[in-house]
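My questions will all concern the structure given below.
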Amino acid sequence: MAVYKKIELVGTSSSSLEDAINKAISKASETLHNLDWFEVKEIRGGLSGDKVKEYQVVLQVGFRLD
Amino acid sequence: MAVYKKIELVGTSSSSLEDAINKAISKASETLHNLDWFEVKEIRGGLSGDKVKEYQVVLQVGFRLD
Amino acid sequence: MAVYKKIELVGTSSSSLEDAINKAISKASETLHNLDWFEVKEIRGGLSGDKVKEYQVVLQVGFRLD
Amino acid sequence: MAVYKKIELVGTSSSSLEDAINKAISKASETLHNLDWFEVKEIRGGLSGDKVKEYQVVLQVGFRLD
Amino acid sequence: MAVYKKIELVGTSSSSLEDAINKAISKASETLHNLDWFEVKEIRGGLSGDKVKEYQVVLQVGFRLD
Amino acid sequence: MAVYKKIELVGTSSSSLEDAINKAISKASETLHNLDWFEVKEIRGGLSGDKVKEYQVVLQVGFRLD
Amino acid sequence: MAVYKKIELVGTSSSSLEDAINKAISKASETLHNLDWFEVKEIRGGLSGDKVKEYQVVLQVGFRLD
Amino acid sequence: MAVYKKIELVGTSSSSLEDAINKAISKASETLHNLDWFEVKEIRGGLSGDKVKEYQVVLQVGFRLD
Amino acid sequence: MAVYKKIELVGTSSSSLEDAINKAISKASETLHNLDWFEVKEIRGGLSGDKVKEYQVVLQVGFRLD
Amino acid sequence: MAVYKKIELVGTSSSSLEDAINKAISKASETLHNLDWFEVKEIRGGLSGDKVKEYQVVLQVGFRLD
Amino acid sequence: MAVYKKIELVGTSSSSLEDAINKAISKASETLHNLDWFEVKEIRGGLSGDKVKEYQVVLQVGFRLD
Amino acid sequence: MAVYKKIELVGTSSSSLEDAINKAISKASETLHNLDWFEVKEIRGGLSGDKVKEYQVVLQVGFRLD
C-alpha cells in the first residue's frame, strides 16, 4: 500500500491567506509530483508601520512516494 | 441558566477559507437553531496537481439547547 | 540587543479573516510603534441565524521596545 | 464489548464551577441515559462590570451506547 | 461542496487496539452512513490485577452529511 | 468593528478557585473598563505542611478597546 | 541548590473540586514532607444517573528532596 | 474517598504495541497492587537497518493508594 | 558529535498499526541509511462502508547524517 | 491576597540562552517592579550564513500588582 | 525486554540551564541507577529585583527497571 | 514572494545546549544555503552513570527556496 511523505513549507503573500497557501503549493509542485493534501500548522505575518507586509502560512504538504 | 452544545463539522470550499466556514454553518442551520458561535480547530485541504482542489476547515459550532 | 514585547489582541470583522487581522493591527498602531510581526493564536466567530456575524481572530503582536 | 460516545457541552452558572458542571450533566440526562463520566476541557466566563456574570465550563460527557 | 460531521466514540476490546477501533466503527455504521475516515485521539485501558482488561481507543469518526 | 485586548493575570485565594478568579477580575477592574470575558489557563497552588496555602488561577481577561 | 520531585495524584470528592485537591494533598503528606506546590493537570468525574458521583482532579505535587 | 497515583513507564516489545503495553503493566504489578487503568502518552521505537527493532510505548499507570 | 535528521512519513496498511509502521520504515530504508528511531505522531484511517479500509500512521523517522 | 500579572517578552542575545533571558528581565525591570518569576515559552533564533546570529527566547514574566 | 520508568524532577541553579539539569541528574543518581535519558519539559526561574535568582528546569529522567 | 522550507534536525553536544544548536546549524549549512531561522522543538539528552553524556536539541531550520 502507499507510503506518503510530508514536508513543511512557509508560503508568503501580501494579499491573503489563500494566496500564501497557493504560493507554497505552487513552489512544491516544481520539484514534487503526486501532491495530495496540506495541513496548516501556523499563521503569522510581518508588519511594516501599521500595515500587514506579508501573511506567512506554515503548512505541511503530503505527497505519495512512488 | 443556559446549556450549550458544541458539534464538530468540516466545511469545504474551492474558493476561500471563509466560504468553507459559511458552508458548514449553513449546513448546520438546516437542522439546528440558536446557533451562537464557532471555533476553527484545523485548516487543511485537498490538492490536485499543483492546485488547491478544496479548502477544508474543521470547526466546532456552539448552540444553545432549549 | 533588542528586546520585544508581545501583546494579545482580538480583531473582528464581518467580511474576512484578513480584515479582522488588519483591524487589530491598525488599532495596535494607534498607541504602539515598532510593530514587527503577528502570530494567529485562534480563529473564532459569532453567528446570527444561519450567518457568520463576525470573524474573530485572536493574535499576538510583537514590537520592539525602545 | 461496550462502545461509548462523547458529546461536548457548555454548562453555565452564576455561582460556581461545580454548579456549571451539574447544569450541563442535568441537561444531558434529559435526553440521554447511561451517562458514565465527564472531562472538563475549558473553563471560561462572562464578565459584567467588575463581576463574574457566569462561569462557563466546557466539558465532554461520555455515555454507553446501547 | 460537501460538509462533514465528526463524532467522538470510544471503542473497547480485550484483544487489540485494532479491534477496539473496529468495534467503534461497526457501532457507528448501525445508525450512520457515508462514514469516511477516523482519527485516534487517545489510547487508554482498564486493568484487572496484572492484566489489561480492555483497550479503550477514543476516536473521531468523520462522515459526509447528505 | 470592535478590537479586544487580552491580559494575563494570576488570582490567588486561600478559600476557593472561584474566589481566586474574582480576586483577579476585581483587581483588573481597578484600572480597566469594558471587561468582557475570562479564560482559565492554568490552576496551581502553594502548599504549607499538609494544607493548601493558596489556590492560584492563571487567567486571561478580555476587554474591548475604546 | 534545591532539587524538587513532582508526583502525579488523582484526588476524588463527591462535594467539590477544592475538596478533591485537598484529599490528594492530605494523602501525599502521609508519606512525604516538604510539599511545596501543586499543578492541576486534568479535571474529570464519574456520573451516576443524572448526578456527579465524584469529581476527580489529576494534579502534580512538587516537593523538595532532602 | 479514594486517592490514586499515576506513574510513567515505558514498555518495550519486538512484536506489537499491545505486547509493549502488557510488558509495562506486568512489571508494574510486581511491586504495586490495585492497578486500575493506563493511558498511552507516546508511541516510539528503535530501528535496526530497515526493521523495527522494538516498539516503545510510554504509558501512565494509575493505581489506588491504600 | 552526531547530527540527526527527522523526516515525516505516513505508512498505510489494511491489516494493523504495526504493519503501517513497517511499511513506512521499509520505504524510508530504500533511500536512507543509518535509520535510528521513529516517533508516532498521529493515527488515522480511511473507512469504506462499515469497515476500516486502511490504517494510516503518521510517524517521524530519525537517522544519523554522515 | 496578591494578584499577579504576566507579560510576554522576547529577549535576544548573540552569546547564550541565559543571556537572552537576562536581557529580557533587565528590560522589564526598567519599568516594572516586584518581578517574581519567568516561564520560557519558546526558543528560536536568527541565522546568518552558517552561524547563529542571535538566540531569541520568548518568556513570560510574572510580577505582583500593588 | 526492558521496561523503563520516568520520574519528574526540577533542578535549580543560579548559573545556567545546563547546571540546573546536572543538579537534577546528580540528585537522581544518589538513589537510582541505570539512568538512561532525560527530557526537558519546562524552563522557568525565580527573579530577585532585576536579576535571575535561579533557573528551574523541569525534566523527566528515564531509567531501566531491573 | 518567497517560499521557505523547514527541516527538522537533532544537534548533539557534550558541552552545552548552544553547542548542540550550532552543531545542527553547521551540518545543515554543508548542503543548504539561505538558512534563515531555527525553532527549538525539544530538549533531551543521554545519560551515562550520573553524568549527562550528551545534550540533544531537536530543532527546525527554516531556509528560503530559490
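Residue numbering begins at 1 within each chain, and the chains themselves are lettered A, B, C, D, E, F, G, H, I, J, K and L in the order written.
We take it that a contact is a pair of C-beta atoms (placed from the backbone, for glycine too) under 8 Å apart; a residue touches a chain by one contact, two chains touch by 3 or more.
Small disclaimer: the values here were computed from a predicted structure and weren't measured.
The pair from G-H, E-I or B-C that reproduces the interface of A-L, where over half of the contact pairs by residue number are the same, turns out to be G-H. Judged by shared residue numbers over all numbers used at their interface, subunit B and subunit C contact each other through mostly different positions, with under half in common. Rounded to whole angstrom units, the spacing between the C-alpha centres of subunit F and subunit H is 38.
If you average the Cα atoms of subunit F and of subunit G, the two centres end up 21 Å apart.
Multi-chain contact residues of subunit L, defined as those touching 2 or more other chains: 7-8, 17.
The complete set of chain-chain contacts reads A-B, A-C, A-I, A-L, B-C, B-D, B-E, C-F, C-J, D-E, D-F, D-G, E-H, E-I, F-G, F-J, G-H, G-K, H-I, H-K, I-L, J-K, J-L, K-L. Listing the residues of subunit H that touch subunit I in their complex gives 16-17, 42-47, 49-52, 55. Interface residues of subunit E facing subunit B in the complex, by the touch rule stated above, are 1-8, 60, 62, 65.
By the touch criterion stated above, subunit D contacts subunit B in their complex at residues 7-14, 23-24, 27, 54, 58.
By the touch rule above, subunit I contacts subunit H in their complex via residues 17-18, 21-22, 25-26, 28-29, 35-40, 61.
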